[in-house]
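What follows is a set of structures to go through.
Below are two complexes that have subunit A in common, paired first with subunit B and then with subunit C.
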Partner chain A sequence: MMITKDFSKKRLIILALLLAGLSVIPHVSGLSTITLFSRIFIMAIYAMSYDILRGYMGFINLGHAMFFGTGAYAVGVMFRNFGSTLPVFLIAIVFSVVFSSIAAFIMGKIVFRSGGKGPVVVVAGAMTTLALGEIVRHTAERWRSVTMGADGLSYRIPEIFSNRILFYYYALIFMIVMTLVLRQFVLSPTGRVLMSIRENEQRAEFLGYDTQKYKLIGLQVAGIASGLSGVMFGVLNRFANTELLSVQQTLNALLMTLVGGTGTLYGAIIGSGFVNIVQSQLLNFRSVHPVFERWLLFFGAMYVIVVIFMPRGFVGLYYTLTDKQKAKVQKSAVGKS
Partner chain B sequence: MGEILIETKDLGISFGGHKAVNKVSIKLEKDKLTTILGPNGAGKTTLFNLISGLLEPTEGQVFFKGTEITSLSPLQRIKMGMGRSFQLTNVFGALTVFENVRLSLQSKAEIGYKIFTDHRRFSELNEKTERILEEVLLFERKDFLASELSHGEQRKLELGMVMALEPEILLLDEPTAGMAIEEVPVMIEIMKNIQKSGTTIILIEHKIDMVKSLSDKLIIIVNGKFLTEGDPETVSKDPEVLKAYLGGGVLDELAAEG
Partner chain C sequence: MDIFITLVINGLAQGALLFLLASGLSIILGLMGVVNFTHGTLFIWGGYVYIWIFTLTDSFLLGILAAVGVTFLMGVFFEKFFVSRVYGNVPAQILITLGLQVIFTDLVRLIWGATPLTIGRPDFLADTWIVGGIVIVQYRVFLIAVGVIVAFGIHLLLNKTKIGMIVRAGVQRPDMVRALGININTYFTFVFAGGAALAGLGGALYAPLVGSMASTAGMHNQVLAFIVVVVGGMGSFMGSAGGSVLLGLMGSGIAWFAPGFASVANVGLMAIVLAFKPSGLFGLAVKK
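What follows is the complex of A and B.
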């Protein structure tokens, strides 16, 4: 593994401490905190899959929730109809992966059609993804016999997942494994080409890359990751409704990556932590004043503040601060000599 | 005459009635550094765009080593061995200098759509990248972001990226445009080295002083039309060329020298 080579000793120690801390949490905190953290881990991967598109590929997908929502529905519908067992769970995973990669392929074929470049095409592409996402959401809403429509679908989950503490560890492992996988993807030759496409697609084409094909692969990888996080979320939530397929759900991913820092991968974890904790805190305040139930209102404000004051998110802020410190150290070193 | 790499036959394109390139028929030979010369707005870059496939011609044909490529995509033309640079610098700004060249080599190496192998494992590419960076005098800058380089350095980087593709023929669109004067000789030296390594260079320029000693052949384009061609000495004394440029001002130096 390259990981040991990439990280300094100091960083590895910090990571180990962080991991140790995270594995202690379920033993010292209440059920709601445990659930909140499980949610953070799962949503982090959902946000990360969005970051692959926005941060690494430079593609704005407003229909991204379709993969996530379908993953959640896959477990819900299957548990309800075929029983809440582990094999059914595995089938739901396979279904989600197959669906995500096919749906991403179709979406990509429509949106990445060659011909024309520039801002107009970017907006048109984003609008197309929005429409595709809405088609899936509408289908789920109308297909009442399977999805229960707008009422939502509740279901029982397999025995081994019903222990919240154990599931916390599953979610943590899920996050770690998926982060490693996506990190490897970003570091792969294909991931590098996606970054060059983000920078300048025409130039990438003139280097001899079939940019359309690369973007398709990127969208499929992001779609599959998003779908898998949806599967995990379905198990955590024990309930699926069409909101999981909505544009709002996509914007959640956008907000999380924005807060954490786009194009950084790890920013998604920080963003997910921040957004989910703030969201649950706001909901706690609902007894103080009903306005806090409208947490979206606060998120709108947060969105604007982040865009204006820390366009590179928390990770960007960290880099800016450490860079400044480095510059300071260098300056003082120069001053001494 | 040596082997013909690129040939155009009555090539033309019009934008809303204006003929930017008008029935141009030229032949570009192997191992001959040819410069397409003409004043600003003569249609030189448009001609490059037609040859490299960025624009589709409204008339005429393009051939590469005898095969018609008029309707092929830029990508297909690159795979056949055609490389080009752009007039405006065109590097991947947020990526490192090293990564810019490495990506170019990766394309040439055709390692396929690997999605789970670390890109740093392809040590051969890394070594080659360093060699190319040394050739274009950017080795010390390899860990900088491309956007942090000076304009002249970015042009060198771009040249390095095209070199990495090892094209048979290389179309360079005003490679010294906007460069500091002291950097120009360095650039010319780099181009000479590329030519020596077996890649045929085709240049676009509007400054005669730079290309006169460098080029083996000049092709003059005026108002989208082919005017004349030949070795630099003869062409620069051609009365028709002088006449065409009178008032244009760009080649006044040419007249003075002639």
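What follows is the complex of A and C.
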């Protein structure tokens, strides 16, 4: 189960069909479905950025939402103060990229500083990033003059983004471009070194790689991707609040990568689709039966069920099934000869 | 001077409550390597069960016992059926305990409603003493006493009994304990449930102090307990005691002098400790 460089013809045809299907959707469905799908596309990139950390570096970042939330706040604050125009949007993107890379650099310097290995380091890293994320969230909550604190920030968006159908296509293009970029990153020599660090950091170090440096690069790439998805999410939502910076938001990414399958990159798209659709369905059921007022019950159950029964996610499940089939075919071929 | 003594008493009482949460969390982390996100929900379950029984029977002791009993059983249930399946897999542990936390916190809202329940202090602790012009709230003194007794009890349990010896050995070298023919899984369940019961006790004692119990109190106190664990040193019992007192005193001081900075200060302290002394201020580094 590896991402490979070559695209077989069969795969290309399937992808083309999928793309055609997705581009028809906004013309045949209602506004809520269009928004839901735009949300899925954007969250897929957020989850994918998490997968680079979790799946390719084996690093659990509990403060990952700081990049995402800051991206959303960047567009919000700038639209509010400098007017809702396209140039401001571009400045927000630049700001988000710069902030994410600097924040990721600082975070990496603190977290990757202490050497060592084993579960204790993973736990310590998780705690440190949790603390850093909480600092950013508290700062946003306190800095009322800019962020409006816990009330949240609402703002107008530029004319060209206000059409939901058009924005659906922007989100789709955003997802495709970012997926290709991140795929290229994972396939690059740097990405390969990251994977070798995940498998055996000591050995990678003995081969002469400066593992700290590579981990920093990985964290920065993930941070920038997360920040950009936050910018898109801010435009989609037209509202930002400190919830976007919370641990819960980070754990959503963790859940999405887990549902889709960690270390598979594409799994993030499937995970984002599944989690967002289930979430919106549960919210819809509230009008059916009062027990769905407590829809979090079912959402929480999803965490537990996925961890126990599908530890490798949907993509992992798919590979297990196809591997079994291949083994069966091979067996029968051996039997005949 | 008056205000200083009041602040110290407030801080120590707060520290005692934090200690009840953090000590279980710390030992669970040290022994099993589990980052337990269910602790916050066990805390509010303790509080709600206490309020429920206390309003039914009007007995403080029965309420406390019920809270401890229920959370102990919940701990056994969590460990046996869920956490024990994912030992050694940190992300799975975080997700599974988090899922349980989400489910059981929402169950509280389903059973007792989403609005906070109010509760008074029991009659025999409701008064205040006035010593030399300083007002001392009896309940806070009671909390400090409970904290000291529990700390002393756990210390004896860990250091003077065979169970404690095995748990301490398990924190350092679980594989070695297994090799000696000891079924460490039973001890895992026992420690997890014990930590859960301490969290429940903390919740039960917290409700009368604040005067109400809300379903959102869990996550807030859990983050505080995590900070205590990190500041004190992971897996170290003495560390969580020291960390609780430090955070309690710091919290009450900051709440008086600079209320806006309360949460930032806690998290900032944690970040500084992690950056410069990752093994914690009070704990000895645990080697795994």
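Please note the rule applied: the second predicted complex is superposed on the first by the 324 of 337 C-alpha atoms of A that agree within 3 Å, B and C clash if a C-alpha of one lies under 4 Å from a C-alpha of the other, contacts with A are read in each partner's own complex, and residues count from 1 in each chain.
The rule we apply is simple: a residue touches a chain if its C-beta (ideal position, glycine included) is under 8 Å from a C-beta of that chain, and two chains touch if they have at least 3 such contacts.
All values reported here derive from a predicted model rather than from experimental measurement.
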*Who does A:Val306 touch here: subunit B (first), subunit C (second), both, or neither?*
second
*asked:* Looking at A:Lys213 after the superposition, I want to know if it touches subunit B, subunit C, both of them or none. Which is it: first, second, both, neither?
replied: first
*If you stack the two complexes on chain A, which partner ends up touching A:Met127: first (subunit B), second (subunit C), both, or neither?*
second
_Partner chain(s) touched by A:His138 [first = subunit B, second = subunit C, both, neither]_ = second
*Decide which partner touches more residues of subunit A, taking subunit B and subunit C as the two options.*
C
*asked:* Tell me the contact category for A:Arg192 with respect to subunit B and subunit C: first, second, both or neither.
replied: first
_Once chain A of both complexes is superposed, is A:Arg294 in touch with subunit B (first), subunit C (second), both, or neither?_
second
*Jot down the residues of subunit A that show up as touching in both complexes, subunit B in one and subunit C in the other.*
none
*State the interface residues of subunit A toward subunit B in the complex, per the touch definition above.*
2, 181, 184-185, 187-193, 195-196, 198-200, 202-210, 213-214, 217, 221
*asked:* For the complex, give me every residue of subunit C touching subunit A.
replied: 29, 33, 35, 82, 85-86, 88-92, 94-96, 98-103, 105-107, 109-110, 223, 226-227, 230, 234, 260, 263-264, 267-268, 270-271, 274-275, 278, 286, 288
*asked:* Residue numbers of subunit B touching subunit A in their complex, please.
replied: 52, 74-75, 78-79, 83-84, 86, 90-95, 99, 102-104, 106-108, 111, 113-122, 161, 165
*Spell out the residues on subunit A that touch subunit C in their complex, using ranges where they run on.*
54, 60, 62, 110, 113-114, 118-120, 122-124, 126-128, 130-132, 134-135, 138-139, 142, 251, 254-255, 258, 262, 291, 294, 296-297, 299-304, 306-308, 311
